[in-house]
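Next up, some structures in structure tokens.
Across the two complexes that follow, chain A remains constant while its partner is chain B and subsequently chain C.
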Partner chain A sequence: MALEVPELLLDPALKLWVLLPISVVMVLVGILRTYITMLLQPSPKLQSYKLVREQQHLNKLRTFKKNNHVFNYKTEFTNRLNYYNTEYSTTKYLKELPPSDPNDVPNPLTDPNSSDFIMQMVKSNAANYVPQTVIMWWVNFFFKGYVLMKLPFNLTSNFKSMLQSSINTPNLDASYVSSISWYFVNLLGLKSVYSLILNDGDAVNMIMQSQQQQQPVMPQLAGAGPTADKLFKGELEGALLIQFKSSLENVEDRFLQRFEV
Partner chain B sequence: MAKIEKKKKPERFSKPIRFELSSKYNKQLITKVKDITSLSFGACCGILNLTSINGFIFFIITNIITSIAFYLIHLSLFKKNSVKLYYENPLSDIFLNDIGRYLASFTMMWCLLFALVST
Partner chain C sequence: MMSIETRDRLLTLHRTGKYATLTPSQSLKFYNLNGMFIETNESKLTSLQYYALLELQFFLSLMTMHDIEAKVILDKLSDQFDTTSSEKLVVLKSYYLESTSTQNRDNTNEQILAFLEGSQNLSVKKVKTAAATSLTNSGSTSVDPKDLAMIEKRKLSLYRGDNGGKFYIEKLLEYLDDKPLDLECWVELSDEYLSLGELEKAYECLMEVVVGNPFAYNIWSKIGEIEYSMWVKSGGSSKEILRNSIKHHLKALELCETYSRAWCGAFTSLVQLLDSNSSIKEKNNKKKESSLTGEEIVKYQKIHKICHNKLHEIVEKQMTNASDIDKIKYILQKYDS
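Moving on, here comes the complex of A and B:
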């Protein structure tokens, strides 16, 4: 039934002058992009001590909740709980006093912190998308109008308009594609090549990094998420509900049971 | 003294505690091994001139073989039951994770070598 399609004869020079250059350029641009994003990252700014204090106290409360079973006696636990309850119910450790009107939400666009944050996001996004668009334009501009390669698998004819964009032969087999599709294949497949070349999975690097720079508190967008006093209140309510049970309770029984003959 | 229920492990102490950085590193080890193998097996596939479904079958088989080999080497190098200690859910971490990424890099090398070899 199927007509035997004669093999299209492709010029071997295409491989040398189109196929390999596109891959090499894409790898190099990818490496360049990672280094540029590295350079664009701002050095961590010093944070106001009030913000850090607030976060640390929140963390303290959370850790207490998580590890409450390490206390030996119930009195130890309740003493601490009472202390936290009296301390954190006040506004002593808050970065700023809660707004008197709860419906008064600050405009996130006027806050200087958040505009910095947004700028940073825009920059990193641009560093991702600009090179891709430029390469796509470059491939489309220089290498259009001919069949570059035959893909080793069949595609349905729906892909023709995308992958054979500049070739006007309606009956050509869809596995013969122009250079833009080689670009797409590279775009998807080069991820692992990058990670092998840049060696970002190096364990020593990672551990060094995490030790050197203390995790900065994420610059929260104003108006996004609950305010700190609500967070404190929520954590406290959770802590008050804890049914205390020491991990050392009945430990001798458990020990004996474990080593029973 | 309160009676304790028998044959019931206390739940909160049964799970091993993990250091996040180390388990991340362990996962990256798999990623590295599978990156290299999927790229090179893609090259093999292109040189062997496999087409359409044969190539994808080749990918699946080599991927499974790599995973099993990783698993077995892990077992032989370290003490028994170690895979469970090093990976939170070993089956999905070793066998299934990021399979799209490996398929993409496999396909890239396959296409490249297929085009280079065929004249």
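Moving on, here comes the complex of A and C:
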């Protein structure tokens, strides 16, 4: 049976010299990081019209597959399908010709676009990881094992791992918060403070996103994933399997059902 | 206090491009409203909203003959952005040049085309120089003037000239080969084919639009109208085309029941279909086209009655604008008797 632990007497100076500095530093670093990330954002680049063309034709084929119901007759649908089959089987719409050897995989590191992307990824990761590592080291070095405050409400023991990291006291009431836990609480819960200070929803979301280390969806690097000609081929094969059904079929009956009194 | 409703309404006006179709009195009303809104709420708008409204004010100024104010807005934008890095600014400048030119249309278009091409070359040169001198070897030196998509589209509009025509169609086809998902251009191409009387091609262009956006009820109705024209062109012989026209109009009404143009289109096609079915000419027609069955006739008569009642309701309750109501009255007068 667990022993009753008496109320801890916390030095009021802890609030002034530990709790407040950690909170203030976290807020300031968060804001600073936002502006650094904004400065590191690359200026939008021009997209090659050949790439846009290739992607748009690929999307056109996908849209055709998705919305094939707009045609009135099956012949209209099959005529178009035959046309796409002839057009998109060639290399006319590809940005780059497919490699002569299908086993020849291009090296992503020699592609100038990939090196730009990798550089950008390194920069944004550095802007996120470096300040967090430094602050965590700072909190750990100076305030390790500190019990900072007692929350004014009771919590179950499940919260112990969240609120009392770095202090190994199994019987201590869960409402006591350690310094390193306070750092984590700040890291995840400062959104409303940032939105008050920055008054800009996009910037706040950017901070929260970068702090929680959610990486955006990565664009395809050279050599990774199927090439455009294979994508076209795949879409065409899928299109051949479509069971055509026109949305204009029985439109008169649907109309009568809706409007007839 | 900033009215969020007003802001959103103005931003929608900008985003949808609806300002281009306003009547002169409406343009003036929005010009005054937007000008006042920007002046009083500048600090409360985000930069994106501010520049969107400024762009709207630029166009409204040009449309309401406030050239000096348009120039002031252009200068404000030029202070913030650079023509070698902002395509939009180049395009806005070209609109200003077009609106304030004192020369004839052909000369003006030539001058603006030269300006746009010059700007494209300058931008390309700047991008190439930046890539070549970059320490981190970032950027690409293989840039093409065609990569500047916004300027390319603006150039396309200048090829239209006074009457459009085959040259313009060629340019539109070239552009659509590069940007097949630009539905606006497909509609433009369809209009050009229509003006040349090439109905089948116009129909195919509009089919591209509904494949891209199957909820575009106005385009469904337009397809119905083209089919009606095909029927007229064929001398009223093919009933199948007329039935397709009705189908397309009904599809438009299925998507948007307040679209009065589709009600008119469906009504007109139905009148013609029922009329041709009952006419004596039909009986003597040598072409053995399948005539409507009894069940179909009842169905089309019911739809005809619904359309007829709805058009009367639109006129009586003034459910659309005055110009549309006049057109509906004309159609009702023509076919009611």
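For this structure, a couple of remarks:
The criterion applied here is as follows: the second predicted complex is superposed on the first by the 180 of 261 C-alpha atoms of A that agree within 3 Å, B and C clash if a C-alpha of one lies under 4 Å from a C-alpha of the other, contacts with A are read in each partner's own complex, and residues count from 1 in each chain.
By definition in this document, a residue touches a chain if its C-beta (ideal position, glycine included) is under 8 Å from a C-beta of that chain, and two chains touch if they have at least 3 such contacts.
Quantities reported herein were computed from a predicted structural model and do not represent experimental measurements.
In the superposition on chain A, A:Asn128 makes contact with neither chain B nor chain C.
Using the contact criterion defined above for the overlaid structures, shared-chain residue A:Ser166 touches neither chain B nor chain C, since it reaches no partner.
When both complexes are overlaid on chain A, the residue A:Ser48 reaches chain C alone and has no touch with chain B. Once the two complexes are overlaid on the shared chain, A:His69 sits against chain B and chain C alike.
Applying the stated contact rule after C-alpha superposition, one finds that A:Phe259 touches chain C and leaves chain B untouched. When the two structures are aligned on the shared chain, A:His57 is found in touch with chain C, with no touch to chain B. Applying the stated contact rule after C-alpha superposition, one finds that A:Ser247 touches each of chain B and chain C. Once the two complexes are overlaid on the shared chain, A:Thr78 sits clear of chain B and of chain C alike. After overlaying the two complexes on the shared chain, residue contacts for A:Thr90 are found with neither chain B nor chain C.
In the superposition on chain A, the residues of chain A contacted by chain B and by chain C overlap at 69, 247, 253-254.
On the chain A side of its complex with chain C, the touching residues are 42-43, 45-50, 52-53, 56-57, 59-60, 63-64, 67-72, 76, 112-113, 115-116, 119, 200, 247-248, 251-256, 258-260. Looking at the complex, you find that chain B touches chain A at residues 1-2, 4, 6, 10, 12-13, 21, 24-25, 28-29, 31-32, 35-36, 38-39, 45-46, 49-53, 55-56, 101-102, 104-112, 114-116, 118-119. Per the touch definition, chain C reaches chain A in the complex via residues 46, 85, 127, 136-140, 142-144, 146-149, 152, 177-181, 207, 210-212, 214, 244, 246-248, 250-251, 253-254, 257, 299-300, 302-303, 306, 310. The part of chain A that touches chain B in the complex is made up of residues 12, 15, 19, 23, 69, 148-154, 182, 185-186, 188-193, 195-196, 201, 203, 206-207, 210, 247, 250, 253-254, 257.
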